[in-house]
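Two complexes are shown next, each including subunit A; its partner changes from subunit B in the first to subunit C in the second.
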Partner chain A sequence: MNIQANPDLSIAALSIDSPEGRIVSDISLALGRGRPVTLLGESGSGKSLVAQAIMGNLPPGLHATGRVVFKGTDLLTETPAQRRRRWGRSICLLPQEPWLALDPTMRVLPQVAEIHRFVKEKDAARSNALAKENLAGVSLAHAGALYPFQMSGGMGQRAAIAMAHAADSELLIADEPTKGLDTVLRDSVTARLKREVEAGRLLLTITHDVAVARALGGMIGVMLDGRMVEHAPAEKLLEAPEHAYTKALLAAEPAKWEPQASAASGEVVLAGRGLAKRYDRRSLFSDLDISVAAGEIVSIFGPSGCGKTTLGSILLGLSPPDAGVVERRAGMSPLRFQKLYQDPPAAFAPHQTIRKGLTDLVRLHAKEWTAVERLLDRLRLPETLLDRLPSQVSGGELQRFALLRALLLDPAFLFADEATSRLDPVSQKEVITFLQEIVRETGPAVLFVTHDRDIAENISARAINLDNKGPLETAH
Partner chain B sequence: MSSIGDLSFARPKGRLPAGRMFGAGLLVLLGCFAIIGPMLIPADPAAQDFSASLAPIGGDFLLGADHYGRSLLARLAHGARLSFGLAFLTMLAAALPGVLLGLAAAWRGGWTERFLELSATIVLALPGLMLVLLLLAFAPGNYAPLFLGLSLTLWVEFYRVTKATTKSVLAQPHIEAARMLGFGSCYILVNYILPVIAPMIATLSAFAMATAIIAVSTLSAISVGLQPPTPELGSMIVELLPYYAEAPVHVLLPAMLIVLLVLGLQLLAQGDHG
Partner chain C sequence: MRNFLVARLLQAGLVATVVGALCFVLMRVLPGDAAMRIAAGRYGPDARIAEAAEKMRLELGLDRPLTAQFLEWIGDVLRLDLGHSLVTGSPVVHELKVQLGASMWLAASALALSLLVGPVIGLFSGLKPGGAIDRLALAGAVIFRAIPPFVLGLILMLVFSKQLGWLPPAGFGSPREMLLPALTLALGLAAMSSRITRNSVAAVAKAPYFAFARYKGLPEAVVVGRHGLRNAAIPVVSYLGLQAVYLVEGVVVVESLFAYPGIGHALVHAVVERDIPMVQGTALVMGLMFVVIAAIVDLLTHWLDPRVRRMA
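Moving on to the complex of A and B:
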């Protein structure tokens, strides 16, 4: 791998303005063959906007200034039509959640073949043969006849990579390529991206996952509030971060946490015995025993689609098991069994301000508003957020509001369903830390679902691996 | 999750697009004409004066007179009131059961939903005007069968939209969350369902009123709806049609009024993308 002195894509002083003001300012970076760049940062830090400025598909109303020089031409001076002609030919985007970006009415093989046929202008038979090769290259040779909805998220992602490979453009931009994937799938996607780099393509990756940035190597740029706060080679940045935010980001990686398992401090609150559930003629789990006691966090982990959420719904009584029984400690109000959702914005009514929701809750259960104020303080949520709609606060803050809402009812059992998987690492760590503190202070039983084994092992004394269809005790 | 959704490029709230503003303005003017007009205009819409047959516009009669010498201004005002009133009543009679049944079907599911779906499909399978004609056969020239027949065909839209929307809202996690927090069905209906369906129902209502206005005038024009001498816009056009050569503008006046009424409603009803 020879590193060229002359980069193939260089961005200088790129700024993006909206009518309300500047949202991304002064980004400079350079990509060369064998030297990928990864932009790391939380939601709203503007990293996707940088990608869109390079592609030339910024949302209406946004305007980019500066220089984006790709092989000697400044892309920002080209007309929209000229830039669109580059899409799929010299610049190609691997979209966020490609599973949603695939055409749902078309089988996978023809979707890949289309690229050869219409972008590369080959004949039909040749296109099909090439598409088959592309799919085989991502171990999807058997899946060519499937529709996107028949595939898992990981397969969809690999299909999208096959398409990006088929396009064979010089520059590949991957926008959150591992969002919503579990660890195993994430690593396989990252490995495929790395292979693209080795094949001599330029790669710009956008992610909030430090592990992805580490695996890809090259240069890493850390973005915060529309600025690049640190830009250095991967080894240097990951080993010796300089900026405080980079340090926080690296410390928030689950593998780096200090294990802090809370042990049971009371009697069993909720227990399931001999639980079984089938879905679509497939057994999710059978003969599963589980019990959660006051003051302990029990983790369930396993890959997507293994029935973690279903197990929680059964324990909460939201759906019935096919076999087995769920026992709750006698004499407890059903209101003391609460749930935290995977996607915080979905768990709040979109039209209702957070204050209205909380006021109604306080009134319904004849509580005092001071209880809310105390919890706001406890969860470090500023009071100004109360008058916003759920879509106007960040995911991490909203998840803390969800926690607050549940805590108002003095929960005995909390089911956290992938409650932090959609948050960036810093907010994820924050929410989990609060959860651990709450468990220590007031002692609810917590069942924590995650697809991240590191989190499971760090926060709980007992972790159940649903993949093996049975409990796997991990001792500390 | 570095998405554009975090930033707001939305249109500032509280301002209707120009098209909807225009529609609303038009409807207010026509509404005033229909409600206040009949009170202010002293002329009786049925009073005949053969000496003034087909009187020109701008003379003794502000908008002229028809072949019987009846004041067109008075007849148009009464006609507008009739069309508006009948359309409004029809819309109410269709919207109320439609929305309530839609909510019931979405909420209860199962047999309730299946039964209501079947009824809706049967009504949709019948041509709407035929249903009205069928009912009109019992009492020709009356308001009641006209209004009943129209609402019987129009409720299905309200039912279908309410049911589909409510069902998708009820399936969302925030409803499950609200139930787990102890909120009852009544709270969920008022705070979570109604805010979502209300704008859709408002749009549908405007469309339903436009449909009703057209249907009433069409039926009266083919002489099966309201009978002369009732000042109905559709029958006025037909009555004046033989005198088209002498007084072309007279024929166009009721037609213009129908167009303006329906245009106003359609403009008001168009979506936010307009």
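Moving on to the complex of A and C:
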């Protein structure tokens, strides 16, 4: 491969139109060897559509115009069949949420081996041998015989990287490669992507996580409402952002937050003493003491699978502890112990308008509709959103509706289970800020579970580290 | 695996008891005098029928308390003795052997025919949901599922035997005679299995892993063959177990219609003639067939879907 003066992939004036109108307009960027590009933006900003236009798998009805020149050929002039022949050969995709992208009924090794077998046309024995090497390269040598459902999210992500590596295409498109991963796994995924760049592959990454963009370096494009609002080398953009949205995005990074710990203002609402739980013969935690008082946010943080959610469920009384006791303040209705879920769309009935859901709730618990109106106002949710379906509002808005729904029951204790980890950074910060304000104003006790240590330490006076070595309380 | 077999055996025992008890009760609450019907079945209705019926009652012990009769039957079943037919006098087991064999052939051919039609139509409908094939297949499925088997059988008979003269309308012995009854059952079965296949294929075609298999660069035939078929087959195979219900119920109707000497035909005759041991024996065998079919379907699903293996 000779080094070219021209970039290997250049996109000029790329626009994407739907029958309703233009949804992505005038994107230009260039990728070269050793110079990856990262597109940053929230969901719905059109960054995934740009990746799909390059890949050639735009949803039906969408149409791309402009130029996408890859090694001297304008991809947009190619027929669908020609574009499909590039898949896995010159362009390869690292899917988001690979645990969904892996065939659930096939072991991992054959899923890697089939790339060598059917794309590279090697014989069966050689394909298996190569696939084993690919898996060993991502420290999954022992996992070839596992099915996807037997693997953790991080293992699934590494298996997908092994597949991308096996394809060895010149261009690698990583679509939200760290979505749903905790910080430790996120960093290992970005490190592996960097290795692909160092090996000379072209890399385009789509993400909403500023930390990923920072770690990858190269060029960063910030997208908002289908436009690229800022496009600059990583160091420059991260140090001296120009556009207001970029500034907001960077300020929303948990590490940059102002610590705002609320101190307990009332008596203890919920306490657990000597709690222990085992799962699959592994101890998640033992001899754990925890108490949450009115008006304070206590955080639990730790990697996926460390037992954070389990601890919350034990405190709420949804599952029993192996040892220990949970004490709630006497004389409180169980309705006043509420939970905020991780994935807002999964916590709403999909075919029911938000207004209908809230009306039913108000009627069931004999509340006043004015309480809903007050909360709408408080959480800055426009009333026009009420008549939409949950899928028609953004993740951040929906999570605010979930918060509204929980607050309607006047909770004394609120368990927020990774309630913001699926939101983009700006919405995440917004939701957490509202939560902090509510705690200050009406004083419920909040248990906040997160995999992000920065968030935990910034919003709580007491953050409990629940890694596998056992709980450690950090105070500051 | 061992647990699985034990569970199925227990289920078989439970089915046998429930089916036996139900048959017993139902046969006794049917209106009319059982002894009279049996006498009529054995000697034909003649002038001294009342006398014959009285003899019959004593001979068969029909005047004894019901509980005694039931316990006796259960005891016989436990010794694997299903008794003798009240009409022909030969052992029920012998009669069942012949008829069950014939019915199995019919059911197997119907199932095979339906599998040739249903899943294939379903596959093409599911790959393009809402397309012309899908809509035509939906219309066909609604029609063939809505027509009861006895009407469908009559229509087929009128068309293929009376009008065209291609196939015999009734009888037994060669595949030619089996074709019409098997087709009657197969169309009803295919109507449902084509829709189940269609939905399952459509779901797989929308799944992220199916798209990812394409992004990997695999040729379309490999994508469908390696990642489509097995995943799409799981719900279809599970559903085959439920179709056994339709098949057993269909066999009774279709065999009577085509005068096909199978177990369904035998059951209908036995009910009419109040041949209690025959009814009980036939129903018992049919009930146990359900258990066997369910076990086979379980084993197939187990083999197809690793997630089930984990849970077992």
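As a working rule, the second predicted complex is superposed on the first by the 466 of 476 C-alpha atoms of A that agree within 3 Å, B and C clash if a C-alpha of one lies under 4 Å from a C-alpha of the other, contacts with A are read in each partner's own complex, and residues count from 1 in each chain.
Here is the rule we go by: contacts are C-beta pairs under 8 Å (C-beta built on N, C-alpha and C of every residue); 3 or more make two chains touch, one makes a residue touch a chain.
What you see is a predicted model; the values in this text were computed from it and never measured.
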{"item": "Superposed partners subunit B and subunit C on subunit A - clash or fit", "value": "clash"}
{"item": "Which of subunit B and subunit C A:Pro59 touches, first, second, both or neither", "value": "first"}
{"item": "First, second, both or neither for A:Val210, with subunit B first and subunit C second", "value": "neither"}
{"item": "Which of subunit B and subunit C A:Ala232 touches, first, second, both or neither", "value": "neither"}
{"item": "Dominant toucher of subunit A (residue count), subunit B or subunit C", "value": "B"}
{"item": "First (subunit B), second (subunit C), both or neither touched by A:Ile11", "value": "neither"}
{"item": "First (subunit B), second (subunit C), both or neither touched by A:Arg89", "value": "second"}
{"item": "Segment of subunit B that clashes with subunit C, given the candidates 128-136, 182-190 or 236-244", "value": "128-136"}
{"item": "Contact set on subunit A toward subunit B in their complex", "value": "18-19, 23, 41-49, 59-61, 96, 176, 179, 206, 208, 316, 318, 335, 337-339, 341, 343, 346-352, 360-361, 364-365, 391, 394-395, 402, 405-406, 409, 422, 424"}
{"item": "Contact set on subunit C toward subunit A in their complex", "value": "207-209, 211-219, 222, 226-227, 230-231, 234, 304-307, 310"}
{"item": "Touching residues (chain side subunit A, partner subunit C) in the complex", "value": "55, 57, 84-85, 87-89, 92-93, 95, 97, 100-107, 114-115, 118-119, 147, 149-150, 163, 167"}
{"item": "For the subunit B and subunit A complex, residues of the former touching the latter", "value": "1-7, 9, 172-174, 176-178, 180-183, 187, 191-192, 195-196"}
